[in-house]
Structures are given as C-alpha cells and as structure tokens.
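Shared between the two complexes below is chain A, which pairs with chain B and chain C, respectively.
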Partner chain A sequence: MQEKVEKFIVPIGPQHPALKEPGHFEFSVDGEEVTGATIRLGFVHRGIEKMTESRTWIQNLYMLERVCGICSHVHGIAYTLGVEKLAGVTVPPRAQAIRTIVLELERIQSHMLWLGVAAHEGGFDTLFMYSWRDRETVMDLFELISGNRVQHSVNLVGGVKYDITPEQKQKVLDGLNYLEGRIQYYEKIITTDDTFLGRTRNVGKMTKEEATLLGAVGPTARASGVERDVRVESPYASYPGHPVNIVLDEGGDLTSRFIVRIREMFESIRVIREILTNLPESELTVRVPRRIPAGEVISRVEAPRGELFYYIKSAGGENPYRIKIRTPSLCNWGTISSVAVGHKLADMPMLLVGIDPCFSCNDRLVTVRKETSSQTMYWEDLRKYGVEYYQ
Partner chain B sequence: MSLTLPSLVSILVFPAGMFLILLGMVYEYVDRKLVARYQNRFGPRWFQPLADMFKLLAKEEIIPDGVNKALFIFLPILGVTAALTSALYTPMLGFAPAFSFRGDLILVVYMLSVLTICLGLAGANTVDRFSLVGATRTLTQLFSYEAPFMLTLLGPALAAGTLQISQINAYAQDTWWMILTQPIGFLVALIGLMGKLELPPFDAPEAETEIVSGALTEYSGRGLALFRIGKNVELVIGLTLISAFYLGGLANPLEFILKTLGLLLVIALLQSLFARLRIDQTVGLWWRIGAILALVQILILVVGRLFF
Partner chain C sequence: MSIGTMFGDIIKSLFKKPATEKYPFERKAEPERLRSKLHWEPEKCTGCMMCVKDCPANALELEVIDRAKKQFVMRYYIDRCTFCDQCVRSCRFDCLHLSNDEWELASLGAVPMTITYGREEDIQFLLDKKANPDNPGGHPECN
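Now for the complex of A and B:
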C-alpha cells in the first residue's frame, strides 16, 4: 500500500472569529508552519451585476453604492463618472470638488477601520479600540455633510446632492486637524512598538516583481514599490487640479503596508485641505437625459483598497445593458496564497487582513471544485466552462 | 493574623470553596473593567462574571464525538480542584493559611500547574483541529514560563531560608519589601503569572483570530464554566503569592486587598500595552530572557548569602 502523506489542515472560515465576512481558507500546517494555502470565495454572491440590468440608470446608483459598506462613495463615483461620460455631460467644478472631498474622507475612514481590524488580528486590541474611536471623527463629518454615516449617498448622476457651507468647511478642517495628530501618533506606534513590529516585519514579504506578476493593486502594490495609483495615472474628478503624491514603500512586508496606508491618510488630509480652501463656486448639478445614448465605457477609480474598475454598456435605453464591476480585493487575493507558505499559522490572520479584503464586494464567480481536490482552471477552460454553463 | 477554622469550613467556604470562587469573579471583573478603561471602553457591569457563570452552568453541555467522555468531564473538575486546593496553603485575605507544612510552596506551584496541564489535555482529548493546535500551544507555553516562574518564587524562599509559605510571608513582613531587594525576580514573576493565565500578550494558546478558542473550543456549559472558575482562582492565588513574597507580606485583609488590586492594576496595564506574541516569540522570550534573568537573580542571592 502506498504511503499517504497526511496533511493537517486548519480551516479558517466561512464562519470564524478572524473573519468579518464569509470566506474559506484552508491552511495545511506542519506544526505551526504553513505549508500550503487555498482560498475559496463566493459565499456572499449577491447578483448585483444582473440586478442592474433591470433597473433604471438612477436606481442603479443607489444599488451600486451598496456594493461595499466601507467604500460606498467610490462605487457611486465610478458609476456616475462612467454614465456621465456616456451621456456626454460635464459635471460642474464645485460638484467635482465635493465628490473628491468625500472620496478622500472615505479613504481616511477606510484606512482607520483597516488599522483597527489589522491590529485586532494581531491581538493588539488597544490600538483597535483607539483607532476606531478616532474613526468616529470622520463618521461625524460624513453625517455633517450628508446626514448619513455609512451610506453617504452624496452622488447624483450629473452632480452631487449636498453643498458644503462655510460652517461645515470649518468643522471639516477642525476634524482633520484632530485626526492628523492622532494619525501621527499611530504612525509612531506602528513604526516603533517592538511587539507590533515583531508581528509585522518581514511577514508576507513580496518583491516588486512578485507584486507586478500577481497583479496586486492599491496600497498592497504600493507597499512593494509598484507605482500604481489611478489618481496619478489617469486623474478624475478634482484630481487633475489637485494632484496626489503617490505614497510608496519598498519593504513589501506587513510593516510597509501599514506605513503606506498611514501615509496615504496624511496625503488625503493634505488634498482635502487644498480643495476645501479653493472650493470653486458653481452649480451642483447638471441635467442628464433619462435615456443614456448607446455606447460602452470603462471607468477606473482608486478605491481605498486599490483600483476599482467599472465597465458600463448602454443600448440606448432607460436601463444599462451590462455593468461589470471588478473590485480591488479580487486582484489582491493571489498575493496571499503565494506568500503564505513558510509563515507561521499565527501570521495568517494578519496576512489575510494585510490586503484589506472586502469579501462581499468581490464575490462574483463560483469556484469549481471537485470532491477530491481543488482544480486550477486556465483561461481557455474557464471560457469554455462559462459558455457551456450559460447555454 | 491567624484564624482557626474547622477543616470542612476551610475547604468548602473559606479560604477555598465558595469564597474563592466569588473572589475570583470579583477579580475577573476588576481585570476586565481595568483593561476596558485602559482601552477607552466602558467595560462590563459589576455582575457580568457572575451572570456569565450562571449562564454557562445552565447551558447544555455538549460532548463532541471522538473524545474520551470520562476525561472530557473529569479534566475540568480536576483542574478546579487543584486550583482550589492550592488556596488552602496561601495566606488568603491576609489570614494565616488554613494548612501549612514544610515545603508547601512546592505543592502550591505544582497544584497551579495542574490546571494548565488539564487544559492542555482537554484540548488534546478532542479531535477538533483548533483544540489540538491550542493544546500544543498551551503545553509549549507551560514549558516556557514554568521554570522562570518557579525560580522567581524560589528567590524570596531562599532569602527567608524556608519553603513554607506562611514563614516566607512572616519573613517578608519583618524585612524590606523584596520588590526592592529582588526587582528582577518581581518583574519576571509578574510576567510569568500573565503567561500562566494566558493573558494578552501571552494569549497565543487561545488566540481567537487564529484558533477560535484554543484548547477550550469544544467545551461548553459546565466544563467551560469550571475552567473559567479555575483560571479566576489561579489569578487570585497568583496575585496573593506575589504580593505576599515581594510586596512586604500580607498581614491583614486591608493589606491583601490593596496589594493584590495594585498588582492587578499593573497587570491590566501590561495586558493592554502589547500586540500578541507568536508562540515561538513567547518561548524565545522566556528562555532567552526570562529564565536567564531569574537565574541571575538566584545567583546574586546565593552569592550574597555566602559572603554577607
């Protein structure tokens, strides 16, 4: 009888205290050392792309803002930018500025949330509690601007709903001043605290070449030194007038990912201040026709987690013909399974969270899995499978 | 201060038994509340540990498939019994220990380890993967902190020239606080206690984000409640021992409360200051730093006694 090598597999998920959303990870371990990792997604597929096809252009905005609970505004932006391009309208500059302000506030909010979650995965609950307490400042600013804390719903197709009054402007600036001080404090902690560095330094190290090869996006890629930021590559909204400095770090490990996200918050604060002090005067909305002319458009924006990609196709009717969304988390999954091997089991939760995954946003396709083992499908197989499945 | 009680009372009511279980809950509450305040949270209400305990005791106890049933039920009882027994030999509330004999310190240290061993065995008894990893980590951690922790308790014993807890306590009251004469020992003992109780940052054996609840993942209801009682009791006894040895002894209830709660304040602060250590980091810390520091302390003591 052939000797069978038994693997000790530690399953994480779909229900597990480390995960805030369902996903399934299988780590085969040898003692504490991880020898293999597989990822299985698709537990929270919601069929949003299909739903968009039966809703009007206006209704879709509200649904697409609900793709993600953390970065709802950026989905609205990607959608409206695309639709406005199709309709051939130009949004007034003040609306652009307000959109950008909310975008950057959202980035701060998302990174603060991530900082807390990542610290919690590393067993550093004090940092978790502190960062979430300070995140409340941004949430209050959202409430001040739009009346909502999470689903801000600032966008309209063709403009924004809410203006920023001088009093609100002052409050936003005050809030940013407070946050800047706090973020400086957190930067000091993550770069100097020994126990924290012990858990992050040289964990999940990824070189620039690997990050490029695996198609990493957003802060995950920038922490490996890959210059990839849509705000810089193809600026949208107010970014052409107020350019963003790309934040890079060469380390490629978890420490770098912390540093990049923390420094991005400083950059966001700088951009918001710049735009707020030069807020242009204009209308807030422009009229957009109910029927969008036929055509197709690609809309790319930089979400807090990386590049968010929208493909929108119109057949000239009241509903879109097809909307395809690709969220940044999907691009970053590959980095986990390849860098996990050789690390300790204890590093896995932090490594998972290191890319700031957002499960329900990226769940699109059901993975094909045979009963005996998982299966790798190449593009041709996948295409064939798709054609056969939908016949 | 001495208090003579019938044996049955001292086993069932004071200092072991009901009193210690309730005191353990009070200390658990204080610990949780302090950590919460350090973390800028509100923390639990005063009766939360009691409510948790009643809830757990009232719940159904599920015995999973693939375990040795007798062991599964027996291990929590053994753990709690060992922890409660060790209380009989410690100066609880500042009163003289209910029982005492030459060398009872060794018995107490042994009894305190029994709970951890029970925890490890309970994890290894089940077939659950999280439990198995947790059990491995629990026992690994036991082997790393145990030696330094014992050495630090040996320091005051050497200074007092006896292994009897009541005599060390009496000696500590007559001389300088040993935190001043043996600061290294105190520090290692305090951190050793945190390792023993699996408090953060030494909570790798029950790291919830990695292995759910570690060795206790499969426990529910009564078994879980008993293990938690055992942990609480161990917290109280550990604090009692360290304050009796290093903080000038325990002469009366007031001193007991002040000194142990003072220690708990420091332990709660240490709990909220650091990120969780990986198990390899924990072992490295104890054997590379903890054990050597404790040995140096003992060496200084022995040399000091030889020449002065």
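Now for the complex of A and C:
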C-alpha cells in the first residue's frame, strides 16, 4: 500500500495571543516540527504614503511620526533630515544633539519593551514585569524633556522644540545611572538562567551568509555578525562627532539577539552621557521655507529595529510629490520563514518576537517583480487590481 | 547551572510598595512640559491663519468677522487635536499656548469637545448668522 503523505498546516492569526498586532502565519508541521512557514501581512495597512501627498510638509511630520507607535521619533528624524537636505538648510548643533539624545533614549525604551515582550513569549513573566517597570524610567525622561511619553514630537522641520536645561540634564543622567545597573542585572539573567537559555540557545540560528542573503537589518543582522549600522556607515545628526561602536555577536541564535540588544543599550547610555556632557550652545531652530525646492532625496537612519529608509520627492510645492518608506521590520520578515524550518512549533512565538516585529510599521505596499518581466501599475490599475483581488 | 535567577528580586519586592499608582486616588504632579488643552488669546491674534494651515489634525477653525477690527472667533476641536504643539510654534504673535494641567478631557458626548474662543458678542453674531442664514443682518459694531 502506498503511503499517503499529508501536509498539516497550523494557521495562526490574524488575531492571535502571541503578539499584540495582527498577522497571519501558516506553519506546515510534521508532528511538532515545523517544515515550512508562510507569513501574510497587510492587516493594518493605512495608506500613509498616499496621505502624505495631500498634506503640507509641516503636517506630514506629525503623521509620519505615527507610522510606528514605539519608535515615533526616528520616523520624524528620517523625514526632517530628508526635508532639510532638500531645502538646503543646516540644523544648529544643539538641536542635532537633542535629537540624538532622544533617538538614543528611544532605542533604550524600545529595547526594554522588546526585552519584556520576548521574555513574556518565553514564559518568563517575571522578567517581563520588571523590565517594563524599569522602562518607566525612560518614559519619565521623555515626559521631562518633551511632555509626552510616546508621541514626543520633539522635532520641527528645521530643528527641535524643546531645550534640555541643566536640571533636566542632571535628571537624565540620574535616570541613566539607575538603568545601567538594572540592564547589567538583566544581562546577567539572560546569559546565566538555564531555564531561559533552554528557550533561546540554538533557536533560530542564522549564519552571517544567511543574514546577508535574506537582507536582515539592525540587531537581527548584528546578532549574526553582519556589520550593518547606519549610525556608523553614514552618520547623521550628532553621530559624526560622537561615534557609535557596532555591537556584534557571532552566535546568530536568539541568545545572541538578546545579548546584542542589551549591549546596544549600554552603548546608547554611553553616547547620551557623552553628548550631554558636551552639549553645544546654539539656537534650536533654523528657518525652512514653506515651499521645498524640487528634487529628490534618500534619507537613511538607524531605528531600534534596523535601517529605516525614506525616499522623498518634491515638485517644488507645499506638499511632497511622493514619500516612500521602508521600515526595518519588513526587511527582517524574510528571515523568519527561513529559520523557522526544523524548529518545534512551541518555539515559533519566540522566533517571531526575536526580530522585534512592528506590524503597523511594515504594512507597506510591496511589489515582487518576476525575474523575466517588470510591470508598471498606475493608480487606476492598482485600484482595479485591488477590487478584483478581494472579489 | 543556575535556575531562578530573579528570585532575589521577587523576594525583595515583597517588602516594597507596588510600583503602580492608584489613579485617580493618587495623582502625580503634571510634568512641566505636558501638552494638554489649547488656549487662545484673541487680543494678540492678527488672523494670519498660520495655525489653521499648519494643524496636522484640522483641529482649528478661525472665523474672521472683521480683520481690521480684530474680530475673530476660534473653534477648537479637542477630539481632533493631537497636542503636537505645532500651532503654538507656528504662531508669530504668541497668542496660542497649551496648558499643562487640563489633561483629563474625556467626555461622553461630542458637544464638550468643541470649544469656541472669542468675545461674547462675536460668538453671538456667528450663532445668529447660523440661525438666520437668509437675513445675515449686521454685527452691532459693524453697523
């Protein structure tokens, strides 16, 4: 009798208990072992890129800050850096320093949040609770500097809104001292606790070659030993004067991703301290014209999750002609379907969380071109395609 | 071999107060730079409309009754406002500011979410005009 081979698929999502945002995953399994994984995204597509075309340069800043809920400032930075380059203005050094301080505080905040979520997925809720309690320290610092915890809105097109006073500087330094101690403690836990290491060691192992091939970015790539960091490759804001050291780990597994993110927080703390002690004196804003000269620009920055890419085109009017965003989460998804194969189904939530996915960021339109032919679609065609697709 | 690396932290926490605060019974002082409800001073306004133009959420409307006599009425939609501070920065005459203590703005209806700023007679004039669109009449000070 011929043996019949059946493929068993476990569907997860769009609403699922593993992560807080919608995504649909299909894991084909052989018993407990995953033999293939597909990912479907796009449940929270909001059409932000199209919306930017009907808003002014100033209004867009606030909408683009809302692309991501966790790293709002970095989107503002990518946008303002691009627009300022198009307008041909240079932001005063103090404004750049304040932008960089908030950028690095945001990185700490994002990594602390991720540490908690990842620990929660691994069933280590104690670490989740304590890391989120300590994250409040950074949130309080945001509140101190900008007044808001999440949507800081520190940026203006052409500078920053808020100065850092000497008293605030001292409070930021005190907060960082406390956090440094706590992060050292967390580093010790994730590298020594055997129960936790059992969930992370050799899970989702990705070699340097694989990471390069799959186009991984940010801490996910750096945990596989790929030297990729926009802050080092093409420094922006205050990074030219205060260089960042790349944090690398050769392991390529989940443990390495924990280690890389935790060590990046130490690096962020070092950079913030360095900038705060050498805070330049200058104006906070520079005048930017309301009509941005025609031209196009590419703006790259290092978000907590990896390289964030903005393409901005101006036709010389009060609104942008086109803004294209590519977020780091989108680049890292490819690694999941590749490294998931061969692991247990129970490891999947940890693996998904390992790349620190942000769904609202990555729901962008992607066209995968066939190797043989390319196709140009206009809005009318796209609309028709969309209507037909959902019929 | 090490298991239960966080036990020390847990035991220490048994003798500490919870990290959470019992809002609304306990209140922390508002942060100095907190951005909450917007206030407008009509005396300084010139009706340049920069705030309306730059508002990313279309939360502001400025009705100009008479620019020369500085008769303006501002309608502010709190439910649309994102408290981004852009209008305050765009205003060259320093007539807008965000307070830092009026942040409990939730409401059961849409009506309290629209605030009209301006002089009493100007607001009344606009309301009358809205009530009788055929007979606009005239503003008492314009006649």
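Everything below uses one rule, namely that the second predicted complex is superposed on the first by the 360 of 391 C-alpha atoms of A that agree within 3 Å, B and C clash if a C-alpha of one lies under 4 Å from a C-alpha of the other, contacts with A are read in each partner's own complex, and residues count from 1 in each chain.
FYI, a contact is a pair of C-beta atoms (placed from the backbone, for glycine too) under 8 Å apart; a residue touches a chain by one contact, two chains touch by 3 or more.
Treat the numbers as computed from the prediction; the structure is a model and nothing was measured.
Colleague: Would you sort A:Leu345 into first (chain B), second (chain C), both or neither based on which partner it touches?
Modeller: After superposing on A, A:Leu345 lies in contact with chain B but is clear of chain C.
Colleague: Would you sort A:Ile145 into first (chain B), second (chain C), both or neither based on which partner it touches?
Modeller: After superposing on A, A:Ile145 lies in contact with chain C but is clear of chain B.
Colleague: One more residue to check, A:Thr277. First (chain B), second (chain C), both or neither?
Modeller: Neither: A:Thr277 stays clear of chain B and chain C.
Colleague: Who does A:Ile58 touch here: chain B (first), chain C (second), both, or neither?
Modeller: Touch partner of A:Ile58: chain C, not chain B.
Colleague: According to the stated criteria, A:Thr126 is in contact with first (chain B), second (chain C), both, or neither; which is it?
Modeller: Touch status of A:Thr126: both partners.
Colleague: Thinking of the overlay built on chain A, is A:Lys161 touched by chain B (first), by chain C (second), by both, or by neither?
Modeller: second
Colleague: Which residues would you name on chain A as touching chain B in one complex and chain C in the other?
Modeller: The answer is residues 126-127, 130, 133, 193, 195 of chain A.
Colleague: In the complex, go through chain C and note every residue touching chain A.
Modeller: Chain C residues touching chain A: 1-6, 9-10, 19, 31-35, 53-57, 82-86, 89-90, 100.
Colleague: Which positions of chain A touch chain C when the two form their complex?
Modeller: 55-56, 58-63, 126-127, 130, 133, 136, 143-148, 151, 153, 156, 161-162, 185, 188-189, 192-195
Colleague: Under the touch definition given earlier, write down the residues of chain A that touch chain B in their complex.
Modeller: 8-11, 16-18, 29, 31-32, 119-127, 129-130, 133, 193, 195-196, 198-199, 344-349
Colleague: Would you tell me which residues of chain B are touching chain A in their complex?
Modeller: These residues of chain B touch chain A: 38-41, 129-130, 133, 136, 200-201, 203-204, 207-212, 272-281.
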